[in-house]
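Everything on this sheet refers to the single structure shown next.
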Amino acid sequence: MHHHSHEIKMYGGIKLYAGTASPDLAQKIAEYLGEKLCERDIVLFPNDNLFVKLHTSVRGQDVYVIQTTSAPVQQNLMELLIMLQTLRLDSAARITAVVPYLCYGRSDKKDQPRVPITSRLVADMIEVAGADRYVTLDPHAGQVQGFFSIPGDVLTASHLIVDHVNQAIRPNLKDPVVVTVDLGFAKKGRNFASDIDAPIAFIEKRRVTNNAKAEALTIIGNVRHRDVILVDDEIDTGGSIVQAVKLAKESGARQVYVVFVHPVFSANAVERLAALPVTGYITTDTVPISPEKRALLGERLTVLSVAPLLGEVIRRAHEGRSVGEMFNE
Amino acid sequence: MHHHSHEIKMYGGIKLYAGTASPDLAQKIAEYLGEKLCERDIVLFPNDNLFVKLHTSVRGQDVYVIQTTSAPVQQNLMELLIMLQTLRLDSAARITAVVPYLCYGRSDKKDQPRVPITSRLVADMIEVAGADRYVTLDPHAGQVQGFFSIPGDVLTASHLIVDHVNQAIRPNLKDPVVVTVDLGFAKKGRNFASDIDAPIAFIEKRRVTNNAKAEALTIIGNVRHRDVILVDDEIDTGGSIVQAVKLAKESGARQVYVVFVHPVFSANAVERLAALPVTGYITTDTVPISPEKRALLGERLTVLSVAPLLGEVIRRAHEGRSVGEMFNE
Amino acid sequence: MHHHSHEIKMYGGIKLYAGTASPDLAQKIAEYLGEKLCERDIVLFPNDNLFVKLHTSVRGQDVYVIQTTSAPVQQNLMELLIMLQTLRLDSAARITAVVPYLCYGRSDKKDQPRVPITSRLVADMIEVAGADRYVTLDPHAGQVQGFFSIPGDVLTASHLIVDHVNQAIRPNLKDPVVVTVDLGFAKKGRNFASDIDAPIAFIEKRRVTNNAKAEALTIIGNVRHRDVILVDDEIDTGGSIVQAVKLAKESGARQVYVVFVHPVFSANAVERLAALPVTGYITTDTVPISPEKRALLGERLTVLSVAPLLGEVIRRAHEGRSVGEMFNE
Amino acid sequence: MHHHSHEIKMYGGIKLYAGTASPDLAQKIAEYLGEKLCERDIVLFPNDNLFVKLHTSVRGQDVYVIQTTSAPVQQNLMELLIMLQTLRLDSAARITAVVPYLCYGRSDKKDQPRVPITSRLVADMIEVAGADRYVTLDPHAGQVQGFFSIPGDVLTASHLIVDHVNQAIRPNLKDPVVVTVDLGFAKKGRNFASDIDAPIAFIEKRRVTNNAKAEALTIIGNVRHRDVILVDDEIDTGGSIVQAVKLAKESGARQVYVVFVHPVFSANAVERLAALPVTGYITTDTVPISPEKRALLGERLTVLSVAPLLGEVIRRAHEGRSVGEMFNE
Amino acid sequence: MHHHSHEIKMYGGIKLYAGTASPDLAQKIAEYLGEKLCERDIVLFPNDNLFVKLHTSVRGQDVYVIQTTSAPVQQNLMELLIMLQTLRLDSAARITAVVPYLCYGRSDKKDQPRVPITSRLVADMIEVAGADRYVTLDPHAGQVQGFFSIPGDVLTASHLIVDHVNQAIRPNLKDPVVVTVDLGFAKKGRNFASDIDAPIAFIEKRRVTNNAKAEALTIIGNVRHRDVILVDDEIDTGGSIVQAVKLAKESGARQVYVVFVHPVFSANAVERLAALPVTGYITTDTVPISPEKRALLGERLTVLSVAPLLGEVIRRAHEGRSVGEMFNE
Amino acid sequence: MHHHSHEIKMYGGIKLYAGTASPDLAQKIAEYLGEKLCERDIVLFPNDNLFVKLHTSVRGQDVYVIQTTSAPVQQNLMELLIMLQTLRLDSAARITAVVPYLCYGRSDKKDQPRVPITSRLVADMIEVAGADRYVTLDPHAGQVQGFFSIPGDVLTASHLIVDHVNQAIRPNLKDPVVVTVDLGFAKKGRNFASDIDAPIAFIEKRRVTNNAKAEALTIIGNVRHRDVILVDDEIDTGGSIVQAVKLAKESGARQVYVVFVHPVFSANAVERLAALPVTGYITTDTVPISPEKRALLGERLTVLSVAPLLGEVIRRAHEGRSVGEMFNE
């Protein structure tokens, strides 16, 4: 008795659907796979109700819904949920929510009493709407995997970023040092430093006594006369980065690079970044960046696309092949 | 062996929480009950993430969250869900979601293939977030009760409206006739007509052949030389009402009144209503109406408050007493 | 990369099972599909316990259980549930409950306090017994779709009926008008009227003041000198139809036809119908009609078979093809 | 810190509801508790649909629904389920299904392929309808407790029966021996024999070779010149008892008594029992016995009431006291 | 339209995994199937935490985890659960837990108050960890099937044992009689006796009055001058068997054989068995027996392998073919 | 209308149960509360099956099961689960699992493919067994709160430890610096450093190129001529601590203290610690330390009891009072 893995045909064909949150990324994933995005209507009615209609049946198909959940967060999330339910009610064989940036990742534990764990709530909502699986990239905490009851592929863009840094930037750096902006990122920062063969330092924030709001920042480790690569998982309003760059410079850093996966870019983040003495910003397209914002950062901004990564994972998930192999794991 | 119902003390005290969607209604409910709204922070961060923090513990308490889900729909709904989860994680004894206007009520069945039943999705989300019970008013279809697994009190403002119409308007009407704007409201329209002792007529919309978008309207029943009361469950963009008033007038109606429970008032609905030859608009406060909108309709607008109704239901739910008794049922 | 939809083979072969409630319909469905009904024992023991035994294994198969749930309601329902569980325990790959007439459809909301929503209970029972999907026809309220967590195909026999009426009856009618027996059917009545290009009128029932049980009937709209087509979703005891025919005749109607999907025919319904001045009764075979009952109505009764409709839906569900396409949707 | 158990008041008052299956037993339980049965309508409509309406609210109450599930099994079961859902939707604090005789107890495992485990299905149905707890008596297999996810009190009438036998019958017996009718009852039969201090014997049924339907019966153990007490959990059609009595007599037994908990009495069971040379039948009222049937067995029939047992368990469950204590356990 | 059952390919290939509890049996099953056991790491860390890592992906595969749950029970069970979860999180298409000996089978009901039903707990744990199906052999009570919500194949080794006894032992026996060690095994013992065409007798244990711990044993039925086959489902500490053999011998038995499915062999069971005047012990390899233990019993011990049975069931489950057919059922 | 919070009596009395894993801690908690531990049997049978029997009923009570889950992990965990199920089946009103040290905390995400998230599995098992709530202390990752669907109190012993360090050690330190042993503890280490008003440094482990197993350790930050406090959440085999102490000393540290919450002490951890040049070890009693182990560390070991903390949380949970208030939150 012998089984040829190429005979496996668990489900019908791949069907790719995109929400409205990240159309470019969805299009690139479709192109990677040689597929077309399936047509559907997504309407926002005057009463702020969302409506979805699929143009063709997904009965028995293997469906992937690509929708990032950056701002407008609630609308993008609800759009995802309604699409999932619509697909489920149309008897799809398997539904995978592909969420490049998964919202509410920082609300992942009760670090004070009487607050929510919204990240778990989001996982519950995705499940109750009808997802059989999920795919996401670089969540704030890897533990979000345990918030889901359904299986998923939690990927990282780190290989992508490390390859880029090692090829395009590392050769030009003198005595580089990786610096984490947040102590919660210390372990991942260490991994990154190890991957580009550089030492690491940390920025510590500590509340100033007698003043609930003031924070003192310290660099633990050595940055003087070194090229600094600041690393974090996302840039939100940019406040921490502004502080970190300033501190690094005051501490004698030479060039400063900033590396992060998710360009959330809330409020006037891009304006603030544009004003910083930073040589380069390296990020990905898990969150779409408007042309206006791109223009402000100009050539200093490098956006690596996660489309080939997500596309390949979708292909392998569909064909029942290992995703870990992609990373020699 | 004897049981005195006044001894019943199933849960701790009443705790009332309000989201940000309908603060005035929540305040009135609290006043009806002689309670204060519990303090909490609700923050919308620059990255469009919502955050909730309760100021005091609800451990073992009987909590009611008052939050309507009109526009911004997604934000109001998410705020409700996060509050529910926060209360659940803080070990509340029982949590009731009090949602005067429950969003997505019209997405209640698949009347065409490949569309969602978002109303069921909303019910699922409210349950998964942690509600033990729910209270709502005049849903589009009474069947929404069957979308929930948890018990709830599905109320109607009709007694309130009938009483007002019978006292303030009915005596001044000459040969009144109730007219439903939508055939889906025919049965409820009949009940209303019966309650104010008037005959009924119906507006029928029908697609014109050879033109997918054009609709022809007909009145079935007699409105000539009569005072017309147009009835529906909600006014959204006002388009149907504009057509209905026009048709009624063309058909020989004299005065026209418009009665509806939920003043959703999307887009430029209020401007359109303000321009109509309508004597009076009677509605409730399940959805808040801004002072600007109120000003446009002036004295023609009557807003009946559902606060005493919701307050009394909360009191009875807390004390383990019948709600049906309120309506002699 | 390319996917041919004809390659899809999600599940094993089709396996059709029939309960004892509607053997003729089941047989016709099987014939439409070119399949045989699978053999099984269904025994009612002297202690009123039902027992089921499948003659062959359904391991890995795509199984459809055809069972209507007209009277004896509880027995037919329990038979369905036991079959579903038996199939699940025998490791069927997918199980679809095909229920032409779904019982308890009118118990779909709490329209008074302290009553059940039995229609939701029935949905819960079908799910807990093991159905992965369901198929039904013309439920009393379309919202029953939201009572199920599992996906389903909720079909309508309206195309079937409209085609028959347009071909066999409409040409002979003079000034036809469609009349709904119940205001809850107003919207569907309008659709039917539109499909046969006729105007519509409504029968309104209203309680007479000072007499809880007496009801006054009125026709809203014009039936004088017209051929009337009374429409409803089902005929139960026939009481409403008797009243409606009488009222139509008194109001000057000429010929009267009666059109309805489900011939529930409780109590002495058929005897009452046989005595009415009705030219023709058009219905379907979602509920079996005994030869005795058929004889009473004679040639006035037309029973359209839903077997081709259900058969085609089963075929498409099995092959992973669109059901909506059948109706150009 | 000290807690007085009499302060405990978990739920509101006791509310007793009875279905239509065993009104006398329900009344006796109510009398034991000094409570009244709550009023409710239970209607069977002409279309065979059941309908329930509670006369008063059970919001926050501790409700017990007494309904046995003997024939008509499906109707009694559905009545129970609808009552449970109605109570749940009316926001009862806790709902206990009290089912003296739990149907489908013998369908408790797949002893051949492709058959149901209906007893588990019944447990699932009771849970999905809304029961928080259940109470039953002498199920066919004690393992049914593991079919429920909810807690329950699985009681036995054996103390009741043993006490009666020891007081009223045992003193008059000469060399008594207990004989089990079915080997599946061997262990319980041994317990009974031990409780009345008698030896035990067993009837073995075995299929005769070359004849699938013929069975040979043998008594293992000694009954000659002894008074025999045949024991089983229920009498259904009486077939086994007829065989057993005949075999006992042929084997030299003197007097024969028959002891069993559930008088299911299907088909012509009572007529068959009436014709047997049996001195006495001892059973309980878990299943109601019609006056006609009682008359046929006359004074030979002793029916012990389980009402005090069930009443006491309800009282203790309500007050949060041990049920095991009742049996010195 | 025609379906060829050999076309069915529900899932990917068979993947066999073995825990550490029964490596020999797992290896034999793999050999029967012509498959290799998949490689995985199972590590017990110094802190007594178990860790599992699969060497290759199981995405979309049809996975079988072979793990018996004899001592060390908790460790073997936890190993099984962790493997199930790991496979589920790796997106296996279907996961079947193959548990030759399922632990805690005797904790299957509350036969006294305030004790667990651990067998149901084990079923719940297996389900929550991620099994879609289960396979086990000769559980203590067949009702354990009803403890699972997932379908399963509950097999018996009885055909295997009966065939062996009929071929190797039965011809040499003189006036054989089957004797059950426990009354709970009476029915299965009867089946065995019938299969080897022998009469049956029973050992009854009864508590001696005035002494809670002392038990009196009696044989019901005739063993004098007969060859006795003692039967039970498992041998644990061997205490019951020691008593039973002694009693049989005292009652005049000639040769004694002992037949049982599961060689649990706790404490010094094997030493005690070795000392008994028993001609042969016949059992299976559902629980591994160490070479030391085998040596003690020497040639008197016959261990029949269940590997072909389990292997064939896995093959049929994978191919969607009937398991019942294996036994002409 | 007014509610007095002291009237609240949600559940029956407090009932404390202890497993066998941490009897001393359980006893101290009981003493803190002025309660007695409830009596129960916990038996480990020769076949390695655990058995539990409660001596008294918990019907309607508010039960707390105190059981730590250090080694033997699987046995302690299973004991907890069986107790939970037993309590649930005995109809306890509310059951809280109090698990001072929650096992498998480090298996909290898939940091490589094809591994489990055992921490989530453990949460699932605790829920399925019957816990309504849980209490634990200093889990490895706070996100474990999101693994549970039930609410819980996740506490920290940090206040306890900080108070002790500030009072007993801090005054004697010269230029203290806090050093984290693992970068995953960086944020919590910073909090501790802030609480005792000391700077922080980090030990970084990094794999040496070309050698998969070798790791290089570096201290980031300044320890020379300083008193070092090494901090971590637990000490398992002690390997990391041995390395850290050695590195600190080599880097010029003066005194070294080691502070950690959970004394897991696997393998020969204590022997290794005893040999280190460490002035003091500060830990808690979440995991019991045998007298032999205590003796090895002698006066250098300080074990702070978490009993008052857990006792107070139980008291407040029972009385429906805030736990956050205990920490001024």
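As written, the chain order gives the labels A, B, C, D, E and F, with residue 1 at the start of each chain.
Just so we're on the same page, contacts are C-beta pairs under 8 Å (C-beta built on N, C-alpha and C of every residue); 3 or more make two chains touch, one makes a residue touch a chain.
Not measured: the values here are computed from a predicted model.
If you take subunit A and subunit B together, the chains in touch with both are C, F. The greatest centre-to-centre gap from subunit B, using C-alpha centroids, is found for E.
The most distant chain from subunit D, with centres taken as the mean of CA atoms, is A. Distance between subunit B and subunit C, defined via averaged C-alpha coordinates, is recorded as 33 Å.
Averaging C-alpha coordinates per chain places the centre of subunit A 61 Å away from that of subunit D.
For the pair subunit B and subunit F, the distance between mean C-alpha positions equals 49 Å. Contact with two or more other chains is made by residues 9-10, 56-57, 89-90, 110, 112-114, 117, 120, 145, 322-324 of subunit F. Inter-chain contacts occur between A-B, A-C, A-E, A-F, B-C, B-D, B-F, C-D, C-E, D-E, D-F, E-F.
Considering their complex, residues 45-58, 70-75, 77-78, 81-82, 85-86, 89-90, 103-104, 106-107, 110, 112-118, 120-121, 124-125, 128-129, 236-237, 264, 266-267 of subunit F touch subunit E. Residue ranges on subunit C touching subunit A, taken from their complex, read 1-3, 5, 7-10, 133, 145, 151, 153, 316-317, 319-325. By the touch criterion given at the top, residues 9-14, 33-35, 56-57, 59-61, 88-91, 93, 315 of subunit C touch subunit E in their complex. Taken together, the subunit D residues at the contact with subunit E in this complex read 108-114, 117, 119-120, 123, 141-147, 154, 183-184, 186-187, 190, 193-194, 199-202, 204, 206-207, 218, 220-221, 322-324, 327, 329.
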